[in-house]
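Have a look at this one.
Labels run A, B, C, D and E following the written order; every chain starts at residue 1.
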Amino acid sequence: GSKNQGDQTAPSTSPEVSAEVTSQPEQTADEAFNVTITDSTGTEITLTKKPERIVSLAPSTTEILCALGLEDKMVGRTKYCNYPESITALPEVGGTSNPNVEAIVDLNPDLVVGATHVSEEVIGKLREVGINVAFLNEQENFEGTYSAIEKVGMLTGTDEKAAEVVAEMKQKVADLEIALQGLNLTELPKVYYATGFGESDYGAGGDTFIGEIIHLAGATNIAQEISGWSISKEQIADGDPDIIIVPSGVNMAADMATTDFYKDLRAVKEGKVYEIDGDSISRQGPRVADALVEMAQKIHPELAK
Amino acid sequence: MKHKKALIGNISYLYFLLTLCLILFACISVIIGVADITVGDIINIIGAKLKLVPLSESISKGQETIVWNLRIPRILMALLTGINLAITGAVYQSLFRNDMADPYMLGVSSGASLGAAMGFILGGFLPVWAFVGAMLANGLVISLSGIKGKVSPIRLLLSGLAINYFFSALLSYIRIQSEDKQLAVFVWGMGSLNAASYKRVGILLAITVPILCLFFVYRKELNLLLMGEEAAKAMGVDVSKVRKRLLVASSILIATNVAFTGTIGFVGLIIPHMVRLLFGSNYKRTLPLCGFFGMYFVLFCDDLARAVSSKGEVPLGIVTALFGAPYFMYLIYKERRRES
Amino acid sequence: MICIRNLSYEKSHKTILNSISFQFEEGKTYGIIGPNGAGKSTLLKHMMNLIVPPKNTIFYEDKDIRNFHVKDYAKKVSFVFQENTRQVDFSVYEMLLMGKYTEMDLWGNLSKEVEEEVVELLKELQILHLKDQPINTLSGGEAQKVFIGRALLQNTPLLLLDEPTSMLDMHNSIELMHCIERLKAKRHLTIVMVLHDLNLALQSCQELLLMEEGKIIMSGTPQEMVQGIELQRVYHQKLHLIEEAGQSYIVPRLF
Amino acid sequence: MICIRNLSYEKSHKTILNSISFQFEEGKTYGIIGPNGAGKSTLLKHMMNLIVPPKNTIFYEDKDIRNFHVKDYAKKVSFVFQENTRQVDFSVYEMLLMGKYTEMDLWGNLSKEVEEEVVELLKELQILHLKDQPINTLSGGEAQKVFIGRALLQNTPLLLLDEPTSMLDMHNSIELMHCIERLKAKRHLTIVMVLHDLNLALQSCQELLLMEEGKIIMSGTPQEMVQGIELQRVYHQKLHLIEEAGQSYIVPRLF
Amino acid sequence: MKHKKALIGNISYLYFLLTLCLILFACISVIIGVADITVGDIINIIGAKLKLVPLSESISKGQETIVWNLRIPRILMALLTGINLAITGAVYQSLFRNDMADPYMLGVSSGASLGAAMGFILGGFLPVWAFVGAMLANGLVISLSGIKGKVSPIRLLLSGLAINYFFSALLSYIRIQSEDKQLAVFVWGMGSLNAASYKRVGILLAITVPILCLFFVYRKELNLLLMGEEAAKAMGVDVSKVRKRLLVASSILIATNVAFTGTIGFVGLIIPHMVRLLFGSNYKRTLPLCGFFGMYFVLFCDDLARAVSSKGEVPLGIVTALFGAPYFMYLIYKERRRES
C-alpha cells in the first residue's frame, strides 16, 4: 500500500522526514544487528541481520550503496545503474519502474532498496513474498538526499560511512555558499535549465530539485513561477535568460543553435549554453553536491572554482 | 452458416477439447520464467504444497516462492483476465450494436487510472482507489445517459468517450502540474499481471463467477438485442432492464479487473471479432468461445511477456497488442481476399 | 380481447392518431385498411406497447397494457413489423427460435418438442430448404416469411401483422392466409392485420377497419365495406367491383 | 436497349441465376413476375451493375455495362431497391435532390429549374406536404414514394423498379402507374419492374417475364401470359380469371 | 427539420456573421498570454511589422518576438487545427457510417508518435519523422484493408484500431526499454501549439486549402454515402474512388497537422456530433459549420491554455477535453431530457 503522503517531494507539504529511527543499531557486533526504520511507504522494515545480498532498484540508491562501500554486497541492479562503472558487471533485474519480480526473487536478496520510480505493485509483491524492501522516496532536495543516504546507512550498518558522505556533501555546499557570498543579489544571472525543447518545452520549475540547485548556485531561475516541468515558449522569451543549461550527452546545445526560436534567444546568440552532467544532477545520490558545484562554476566561472 | 456449423462439429465436444488443451497449456506455462527451475523441481514444489510429497532439499526458498507465489497466481490471473475481457467485449458489442465497442469504452480504464493516481497522492490501497475511480466514471456515464429512462446505446457510447477524454485529461493535468517525479512517471495505464496473488485471484474469482453466469443467462437476450430494440421488445425482452443489468454487472467486473491488472487493451475488442468472423453471431456459441479464446490469448501473451522478460518486465498490454494486432490484420486481409 | 378508448397521438405538432376507439373481439380476424400515412402502423405499435399509450387508453382483457410486464405481454401479443432489420448472420432456424424467447428457461434451453414445432412451421411456410441459410442472404419475400414465422412461434392469442404480404408472391400470400386460418381454428387466435391488398382483406378478414388521417372512419364486415361509399372516397378512386360466386372482387382499373 | 446474354450467377454453391438471356427493347414497359426467391432482385442488381456481371453478358446499347463509368451509367439507368435504408434525418426535399447527383456541378449546385422540377414531382406523387419532413419519420408507403421520386429525378432512359408498389395503397399504386405512363410518353422511357401484383402487371406492362428458380421460363404479352399454363404451374395455384371489358383480371380465391 | 432550418435562417448571412465574430475573437486572443504587454504596444508592434507605423522605443525585442513570432502564429495554427480536425472528423463519420469515428482512428496519431520517438532516438527534424510515421501507419491501414479492391469501412475501422494498438504498444515498448529520461518525458501524444511558427502555418495552410476544397467538392458524395454503398452507386457515386480519394486526402491533412501540433483529441469527434445534433446531417450545411465551430473551439481552448499558463504550459489536448467533455455531456443530457 501507499502511505507516502506528506513525506513526498512537494515543498508545499510537510517538510518533515517521516523516516524515524526507532531503535539505534548496535554497531559493536554483527550478530547483535537489529534495526528498524519506517520508509516512505510508511512500512516498518526490521533487519536483524546485516544485509549481505542487496538489490538496488534505482541508479540513485546504487550510487549511495557504492558510496557507502557496499558494492561487494550488491547482487542485482537495474539496467540504468551505470555508476560507478564497475557496477555494470552485476546482473540486471530490468528497468526502474517495472523490474522483473521473478528475477529479483531468484537472486535471494535480504534487502531490496528502491527509490522514486519503482512501481507500487512490484514493492507490494516483493513484500508479500517476504522480502525486505526499503522504498526511499525522499524530498527532492538536499535534505532529502542526506536523509536517503543516512537511511541506507542505517539499514546496512554503515552509519558512520553515511555520516561521512553527508558531511562531505554539506561541506561542498557550504564552501560554495561562501564563494558566492560576494554576489549582487539584485543582479543575479537569469538561468534556464532545459530538459527538452522543440515541439514542447520542458525546463526545471521553481519547485524542482534542479530549481533548488539553480537557486543555490547563485542564479535566478526564469521558470521560478512554474511548478513541474512544462513551460511555454512565451515564458522563455519573456524570461530572456542570460544562461541556458542543458544536460550533457544528448547534443542539446548544438541542436538549440540551429533551431528556430531558440537560435534567436540572447543566451544562444551569445554562446551561453552550457552542458552539465545529466546523471549527477538528476540522481538523488552523493553526486548532487558535485553537480551543484559544476552548475555554479558554469554560472559564475570567476567565483566558484 | 452451414460450413461454420460443420467447422465446429459437435459443440460440447469442442468445449471439452478446448478445456483440456487449456489445462495443458496452463501447466506448461508454469515452466516459463527467467528463473532457472527444472520441471522436476516444479512438480516437486507443487506436490509439496499440496502436501503430497516432501519438499526436496535442493530447492531454495526463492524457487519455492517463484513457482507457488509468483507463477501460479499469475497464470490464474491471466485466465480470469482473458475470460473477463473477451466476454465483456462481446457483450458490449451486442449491447451497443457497434463494432468498435470494447470493455473500457464506458470510462473504466481512465477512471481507474485517475483513481489510482488519487490514491497515490492521498494514500491508501491502490486497487481500492482504482476500483472506486472506475465505478465512478462508469456510473457517471450510465446515469448521465439515462439509467432511469431509456438507455440509448449511442448516447452511452458518446458519453463514455467524453468521460474517457475528460478523466484522461484530468490525469494528465495532475501529472503535469505535479512536480513530484514519482507521480509523473506513475503509469497505471499499461496493464500487467505482476502483482497477481492468491488473494486477488480469489476476490476476482468471487466476482467473475456470478457475473459470467449472469452473462450466460442473458445470452438469449443478447442475440435478440442484435435484432434491434423494438423487435426485441416485441418478442418479450425487457430491453431497458436487460441493458441496465448487463451494464452494471459488466462495470463491476471490469472495474475489479482493472483495479487488479490495469488496462489490457485489444483483448476485449479483437477476440469477439475474431470469434464472430470464424463462428458467426449467435451468442450461444460465441460467448463461451470468446471466453476460451480470451483465456488462451492472454495466457499466451503473458507467457511471452514472462519468457522475454529477462531484461525487465514487459507490460502485458504491450504484448497483447504487439502479437494480437498483426494476427488480426492478417485475418482481415485474408477475409478480404476471400471476399473478392 | 383488446379495447382502445379514445387514443390520440401527436408528434411534431402533427396529429397522427385522432381519438381512436375500438373493441377487438376474441377469435376474429380484423383487417385494417387505409391509404398510406393514415396511421395504421402507428396504431399497431401502440397496441404492441412499443409506443407507450397514455394511461387508460388501451386494455388487454380489461387490463391497461401499460401495466403488463414486457415478457408477459409478449406471451399475449406478437407483432410482425412493416420493415425489419436483417443485417445479422443468424440462420433461419436460429431466427425462428427467437420467437420462443418467452418459453425459454433461464439458460435459454427449450423443450424437445420445440424443434419439431419449428420444423413443422418451416414446412408449412415452405422454407424448410432455407433452414440453415443466414437471413441476410435471403430474398425479400423469404425473409418476410421468416419474420412471420417467428411471430407465429410466439404462440400468442393475439397476432398483429403489419402488411405481412407486402413482399410475398400471390401463392405465398394465399398460403399465408390459409396458414393463419388453420392456426386460428386450432388455437382460437385473434388476428389484426394491416393489408393494402383489398381483395385479400375482403376474403380473409371478418371485420375491416378503414382508417384515414388518424381516424377509424368506418368499420364493418367486408360486405358492408365494399357497399359503402367510404372506401371510394378515401381512395379517391372509383372501385370496380366484380361479383363472382357470391364474392365481390375489387379490381384496379388503370385506364 | 439492354441485352442480357447467357448470364449465370452462383453464390454459396447455389445457382441463383441460370443462363439468362433476354433483349429489352427501347420504349417498352416490362414486368418481371415470379415467386419469392426466383432471382428477380438479383437479376435487377446485375442490370444495375451493383453485382458486377461476368464479361460480355450484359450490354447497354451494345456496350458491356462493366465498361461504363459509375456516373455515366447512373445517367442511363436508375434503380429503386426492394428495401431501402432510411435511418437518416434528411428531409424529403434533400432526399429527392440526391437523385440529381449526376447533374450537379463540382460544388454540388444545381440549375434553377431543378427546384421547380422537384416541386412538380412532389405534387405528382402527392407528397408535397411532406417536403420538409425528415424521411426517418415517414410511413412506409410515403418513404417508398420518396425513393421512387428520387429515381425518377435521375431522368434516365431506363428505369428499374423492384416491387415499387409493395408498400403503396391501391390508389397510390395506380397513381404511380399513371405517373410512369405519363413520364414514358414524355421521355420515351424504358421500364423494367418487378411486381407481385399480377393485375397491376397485366395492365401496366407490355411484356411480362416469368421467372422461376433463376431462369426466365416464359416471356410474352400479358394476354399470352394469362392464357399459358406456365403461370399456374409456377404459382402452384389455380388462377381465377375474370374477363371484363376485354381485360382479364386474376383474382385470388382463398377458399 | 423545419425548425432546424428556421434556426439557421439565411445560411450565408450566418456564415458572414460567424466569420466576423471569428476575426474579432482572433484579435482579442492576441492580448492573452503570460507576458505583460499592453494593448497599445501590441497594436504598435503589429503596425510596425506591417510597416504602417514606426516601432515605439519602449518595446523590447522580447515583446516584439512574443507578439509577432509566438502569439500570432499560434493563433493561426489554432484556427487551422480547429478547422482541419472538425471537418475531417465529420468526413470520417460519413465515410465509415460510425459515430465513433475520429480523425486519428486510422493510426495517424500513434504513427506520428512512434515516428517522432524514432526521430528523437535517431536524430532529425521531428515533424518530418512524425509525418512519415503517420503516413506509414495510415498507408498500412488503407492498403491492408484493400485500397485496390473495394474499400470496406468496417475493415478500415478495425485495421485502424489494430494499427493504433500496435504502434502505441511499440512506442511504449521502446520507451520502457530505453527509459531514457528525455524519451520518458518526451510526450508527443498530448498536442500543443507551442511550436507554431509562420513557416509551419504556411506549410499547413498550403496543404489545408486544397484538401478542404476537395472535401467541399465531395460534400454531395458524403451525403449520398450516408444512404449506403449500393444506393450511392445507383445514383452515380463511384464509391470506391470517392472513399480512396477522401481517405488519402484526409490522411495527408491529419498527418501534417499531427506532425506540427501533436494529437489534439476530442475536437474531431465531438464538434461534428454537436453540429449534427443542432443542425442535422446534411453535409452541405454541417461541413462549413463544423469548420467554424472547430476553429472557435480550438482557439478558445488555446486561449485558456495560454491564460492559465503562468504556472506552466498546459497541453492543448488536455484543455479541449477538460472543457469540451462537460459541455458535450450536458448536450447529451439535455437531448435525453427533451426526448423523454
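Here is the rule we go by: a residue touches a chain if its C-beta (ideal position, glycine included) is under 8 Å from a C-beta of that chain, and two chains touch if they have at least 3 such contacts.
If you're wondering where the values come from, they're calculated on a predicted model, not measured in any experiment.
Novice: Would you pick out the chains that touch subunit B and also touch subunit D?
Specialist: C, E
Novice: As a test of understanding: of all chains, whose mean C-alpha position lies farthest from that of subunit B?
Specialist: D
Novice: Average the CA atoms of each chain to get its centre, and name the chain whose centre is farthest from that of subunit C.
Specialist: Most remote chain from subunit C, centroid-wise, comes out as A.
Novice: Per the centroid of Cα atoms for each chain, what is the distance between subunit A and subunit B, given in Å?
Specialist: Roughly 38 Å separates the two chain centres.
Novice: Using the average of all C-alpha atoms in each chain as its centre, how far is it in Å between subunit C and subunit D?
Specialist: 27
Novice: What's the distance between the Cα centroids of subunit A and subunit D, rounded to whole Å?
Specialist: From the centre of subunit A to the centre of subunit D is 80 Å.
Novice: How many angstrom lie between the centres of subunit B and subunit E, each centre taken as the mean Cα position?
Specialist: 33
Novice: Would you give the residues of subunit C that are in contact with at least 2 other chains, written as numbers and ranges?
Specialist: Within subunit C, no residue contacts more than one other chain.
Novice: So which stretches of subunit E touch two or more other chains?
Specialist: Touching at least two other chains: 176-177, 311-312, 314-315.
Novice: By residue number and range, which residues of subunit A touch two or more other chains?
Specialist: Only 79, 95, 97-98, 205, 227-230 qualify.
Novice: For this structure, give each pair of chains that are touching.
Specialist: Applying the touch criterion to every chain pair yields A-B, A-E, B-C, B-E, C-D, D-E.
Novice: Report the residues of subunit A in contact with subunit B in the complex, numbered from low to high.
Specialist: Per the stated touch rule, the residues are 1-5, 8-10, 42, 78-79, 92-95, 97-103, 105-108, 116-117, 119-122, 124-125, 128-130, 137, 140, 205, 207-208, 227-230.
Novice: Within their complex, state which residues of subunit D touch subunit C.
Specialist: 11-12, 33-37, 41, 82-83, 137-142, 144-145, 163, 166-174, 177-178, 196-200, 203-204, 235-237, 240, 242, 244, 247, 249-255
Novice: Which stretch or stretches of subunit C touch subunit B in the complex?
Specialist: 45, 48-50, 69-71, 73-75, 78-79, 81, 84-85, 88-91, 94, 98-99, 101-102, 104, 106-108, 132-134, 150-151, 154
Novice: In their shared complex, at which residues does subunit B touch subunit A?
Specialist: Contact set of subunit B toward subunit A: 33-36, 60-63, 65-66, 69-71, 119-126, 176-182, 184-187, 192, 194-195, 197, 306, 309-313, 315.
Novice: Taking the touch rule as given, give the residues of subunit B at its contact with subunit C in the complex, in rising order.
Specialist: Per the stated touch rule, the residues are 1-2, 5, 216-217, 219-220, 223-224, 226-228, 230-231, 233-239, 280-282, 284.
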